[in-house]
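Encoded as structure tokens, here's the structure I'll be asking about.
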């Protein structure tokens, strides 16, 4: 049997034209225009110097802590957001909660920057509402217990304010897509809720969860405004270093800034490649 | 004394595009109103939040653009003047009051010139801090636990880096890199003592109590105090030692779509009227001394300023000194303060 | 005490009353079918037994224990869903082995059972495929194997064979029945296929609009239907109107033609009554063993394979009659004048 | 059923606390403008500014346009990728993640260089052109969220079969998209729309550097050196954005068909 | 020139060859069934006609026009899917009216047609419901109505009745046939139900493993099956082995019992041959018109409603025979010794 040759020429790629054009015009080319600056020497020639500059200990450290914060907040955001989304879809909460919660998530997922930083300072800062309340009423000094808002965990906690809602918004439709019969079939075969989730629901949701994790990671990785407003001078994370280079009043080496931007794109690319690799393993059962 | 031809040409252009001018900064709100009122030229304000590097980048990006995105004039940190010249981003213009601008704060060709300055001061929320600090050394005392903030990130903000430098000078550092090192050591100690709050200090955090002491340009501190209007009460203190003055520089974009309006704006800024408007925002205009000598400054404006004695001690870092201490501070800051973050 | 005991079961969806006063006692090892038209509540009743729907009222006892508040996975029930409900992320073999894996059975046992099940459903090669790679019928067989693999106490099947061809359907129905008997699994089988219900079941529940119209063994259901609905739904039925001429001798006229039933009729002379006659009790042409006959013309002829169905028009009413098809015998032509004969004992009489 | 409901409530309660407290902290502070007593002075100051309304409505308008453009660009693409070109998915997904890590400032300077008054497409020359550019920029910023939302939505329906059913009834691509696919992923689109809306309302850098009178820059100008007003503004923005989304949801109440009991 | 002309159609999924050298010419207005076991490629062939799958090779012409490169929505085809594929966001009425709306028909016409269709599928009340509120069978009826509403040139049905109960199935199949005849819609009907195929079709395509084994009218398919597979798949068949004793007179022995076919057999004496006998051609006890008989004991009795299937064990082999059920006649008991009679003309002989 000769292997079949497709008879009709496929024009399916034509359907990608609008998006490709749009992305080229308004995302890829404009970004390239600037980011090639990372490879441009003073005189105008090509150079790898700026990119090599990324491999200094302080910038590497910045990448490292950025990646760790992004991973932590993305992971926690996924877990918690998933739990909340479950509780409004399959958890049996009354239907009316769903609408307001989703709209709230829409707002909260973009509540960032100065207002968010301030809100957390006013709540969990050293003179924040909750801090003072706990101290005055219960004699608990959370700062004495090692809590610090302006730290890795503090930043992660703050990022969660937009990460969790983002997760809720993205994952709710996926949960809606779980068919009732799957749960019932599992139950009737003797599976507990946990077994159903572990053996059926999670694997089915896995590609979505991975995708959202990648999204949340990039979301945190690029979030400059909140980090800057909250821990302006304390955390050395990539977006802040980048900010200092191309936007600051002091330093000014746009080339290094562009190299940093390039580095962020590369890190995101690696993260995405990893996600796609994981997903391709998880998605064999999809047409 | 402003040539009528310039006024006419500027009016013909009709618009001036500015960038990075927050209305609360040096009374820029008033300045812009005054300019509009006087010449009837529209002012198109771009990103008031921009930093100095943004401003240069905006000129670069708009090289071929004459749309409303292209800034005509910029107001940047002192060291950005020469940097902009190096990249050919500015065009020369000498205002009619050129001679009254001190030589060490202007480009001989008129590509940029210093515009105003202030000294770094402590803005203190006296609801929380009942015994305000008098000098840098005070801030290390235990009663200032969790209290002191800079008004920016020393890696990105001119204001914050000069704050570190000032502390270094106060600690006996020699102008330049040495004071930078000493300033870092000072903040390292403050950080270790738990007094430093690594948050960007601003009106909100000052009033809310997260940062009861903010190291700030005196003009920002004073207008911030006025805006708070006693709730909470704020005291602005110029430290006894380590008084550092920061100068900003003004220039016209090499690609300005409205070059004449830009020149007219410069004329306005450096006229008595423009200079006094800045002073209303507590900024010392660059012609302050000349005008004081000429007696053209109303007494009530002078009365509202911090005691003149404070300014007599003010140090104006040279470009070279700035370059040296900048390298020291931005390079070392992460190790000093970033280290406490985990 | 019955193994499965359903009493006064009711179910409302909102204000729609979909299951009404349903009572059923199923003995251990019995094979019960729910038979009824689409939408009559078969699935709903089954789902209440499985624990997926909460009854609006009534009780369900399994092995003496009230299960209404028990979760489905605590009921030790096997179920095959109308829409297959295979787990899309698991292979065929993993689907089948799911229940055993969940129960923590050793790997070797699972593999063994899966192999056995794949054999039973005639798909020994397809263990490694994912559900999307199967045809509809193949999916349904896998769903069946999955439910059987755990050897449940109670097996619930919701039209498990409806997507299969007759050949496999017949063989699987024997297979199911054999396994069921061997393992003594009490089984409820939902179907809309009369033949399936009649051939497999110990007893049949005929449902209509949420009500169990009749519960009985296949023979009784078919031959002594309790209600008109049951008579009409199970098997084909000629429902005819006739006029009583003499109640005592059972003389009537049907579209003007006289028939004598030779038994008394509980109706007055001149009254209209309903007659019911199964097509297979009618024959074309006179036969020695029949004692009734009607004349008419052939309206149409349907070839159903083993059976020829001929519809004969009387004077207004139509009777259908079935005869076995033989290659030798060519069917009558439309328009032929024919005589239809039957045994009067086979005529069921109901009130008009 | 019972225990899962308790857990659901518990999770909700903890979540509510976590999300409410920072907002309460902000609200509390915004009320402290007058010394010693709570007052709405800060709100009065904000709301009495005519520019507030002008810029806010500009941004709402832009947000709605962005949602429309975003759905038009992204939904058909995600659908097409799912239906016909699954191999393209990694590329498309990577592209849609880029806006999260490319700083907006890089983007906007790129725009200005590409579309300046002396370029092949001088969009920045006119207000209308600049609005278009801003719209495109907003759509780019919304891309990651919108794409992800739409794609998860598509995952939950049988795209291929529904498409075939519609095709066999004579429907062309546009009809299939508008009448079958979009309505069935409305919940997902709505999620994407919420995100887009919130992004546009708060966006600052693009609007500022493209010099459009949007709400973000207004927030910045007003809030730069004030204490209480920014807090009040944050609260107002939060509330209005939430209300707008509620409105969007009301308008898009086409979801009767998804109310499957679970 | 046929209305639908399929020539040398082939389809591979990867390396799996699912449709092999498929040829078919369908006349305008004809009703063709694809009949075959699960997984034999019925759906795949149908989908190639509809345009959802691209053939690996071969041509499909509708009305003389090669449609292989035509998009599905340009082929004017109505289709009912095996999995319903109702639009979940549209009501029943909107689903049914979809095709007309897409075609831009006036509102009134759409409403009218929808009402008519709802009547035909016996769901006049449910126009306002959403698909998730329907039972499986109701959904399938709506899918049917949706496809019919556009009055397509070519109607493709993929097991449209498989989720329905026999009652509705029979009535719908008459309905479909009537509409089809009235509108003259050329129809391809995929089914695994032999009775359905036999009763509805002008011609039947019996498929097996991707191959069209036989194409012919129902009578021919049933009574003169071209291959063993067709014989076995369509209807029930007793396949028995016998030994030839005298080829000239057609004398053979079956499990030791002599039978004389009275026609020559194309095999040598002592050779083993295969016999095929339909259960309905066999009867219990001697009958006047039969000329063959066998003795055995009753192995089991299945009650299939109108039919009783008795399986009789000979000396090793088993024959099944069907007889009509009559209430009067109680079926034989398992273990009874019985005589099975048949007409030797009904015995099909194949090579051993």
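Labels for the chains are A, B, C, D and E, by order of writing; each one numbers its residues from 1.
As a working rule, a residue touches a chain if its C-beta (ideal position, glycine included) is under 8 Å from a C-beta of that chain, and two chains touch if they have at least 3 such contacts.
The model shown is predicted, which means the values in this text are computed figures rather than measured ones.
K.L.:
Hey, what chains does chain B share as contacts with chain D?
P.N.:
Both chain B and chain D are touched by A, going by the contact rule given at the top.
K.L.:
Given the touch definition stated above, what is the smallest step count connecting chain C to chain D?
P.N.:
Each step joins two touching chains, and the minimum needed here is 2.
K.L.:
Just list the two chains that share the greatest number of C-beta contact pairs.
P.N.:
Answer by contact count: the chains A-D.
K.L.:
What's the distance between the Cα centroids of chain A and chain C, rounded to whole Å?
P.N.:
56
K.L.:
Chain A to chain D: how many Å between their CA centres?
P.N.:
Roughly 16 Å separates the two chain centres.
K.L.:
Please work out the Cα centroid separation of chain B and chain C, and write it as a whole number of Å.
P.N.:
It comes to 90 Å between the two C-alpha centres.
K.L.:
Which residues of chain B are in contact with two or more other chains?
P.N.:
Each of 50, 54, 57, 204, 208 in chain B touches at least two other chains.
K.L.:
Quick check: what residues of chain E touch more than one other chain, meaning two or more?
P.N.:
Where chain E meets two or more other chains at a single residue, that happens at 83.
K.L.:
Among all residues of chain A, which ones touch two or more of the remaining chains?
P.N.:
As it turns out, chain A has residues touching two or more other chains at 118, 122, 128, 243, 246-247, 287.
K.L.:
Which of the residues in chain D end up touching chain A in this complex?
P.N.:
By the definition above, chain D touches chain A via 1, 4-5, 7-9, 11-12, 15, 18-19, 21-26, 28-29, 73-74, 76-77, 80-81, 84-85, 88, 90, 92-95, 97-103, 105-107, 109-111, 113-114, 136-137, 139-140, 143-145, 148-149, 151-153, 155-157, 160, 185, 187-188, 190-191, 193-195, 197-199, 201-202, 223, 230-231, 233-234, 237-238, 241-242, 245-246, 249, 258-262.
K.L.:
Considering only the defined contacts, which chain D positions touch chain B in the complex?
P.N.:
So the residues of chain D in touch with chain B come to 29, 32-35, 105, 108-109, 112-113, 116-119, 122, 124-127, 130, 204-205, 208-211, 217, 220-221, 224-228, 230-231.
K.L.:
Spell out the part of chain D that touches chain E in their complex, as residue ranges.
P.N.:
Listed in rising order, the residues are 157-158, 161-162, 164-172, 175, 179-180, 183-184, 186, 254, 256-258, 260.
K.L.:
Enumerate the contact residues on chain E facing chain D in the complex.
P.N.:
That would be residues 47, 50-52, 71-73, 76-79, 81, 83, 85-90, 98-99, 102-103, 130-132, 146-147, 150, 156 of chain E.
K.L.:
Which bits of chain E are touching chain C when the two form their complex?
P.N.:
Per the stated touch rule, the residues are 35-39, 43, 82-83, 134-138, 141, 159, 162-170, 192-195, 198-199, 218-219, 222-224, 232-236, 278-281, 302-307, 309, 322, 324-328, 343, 345-346.
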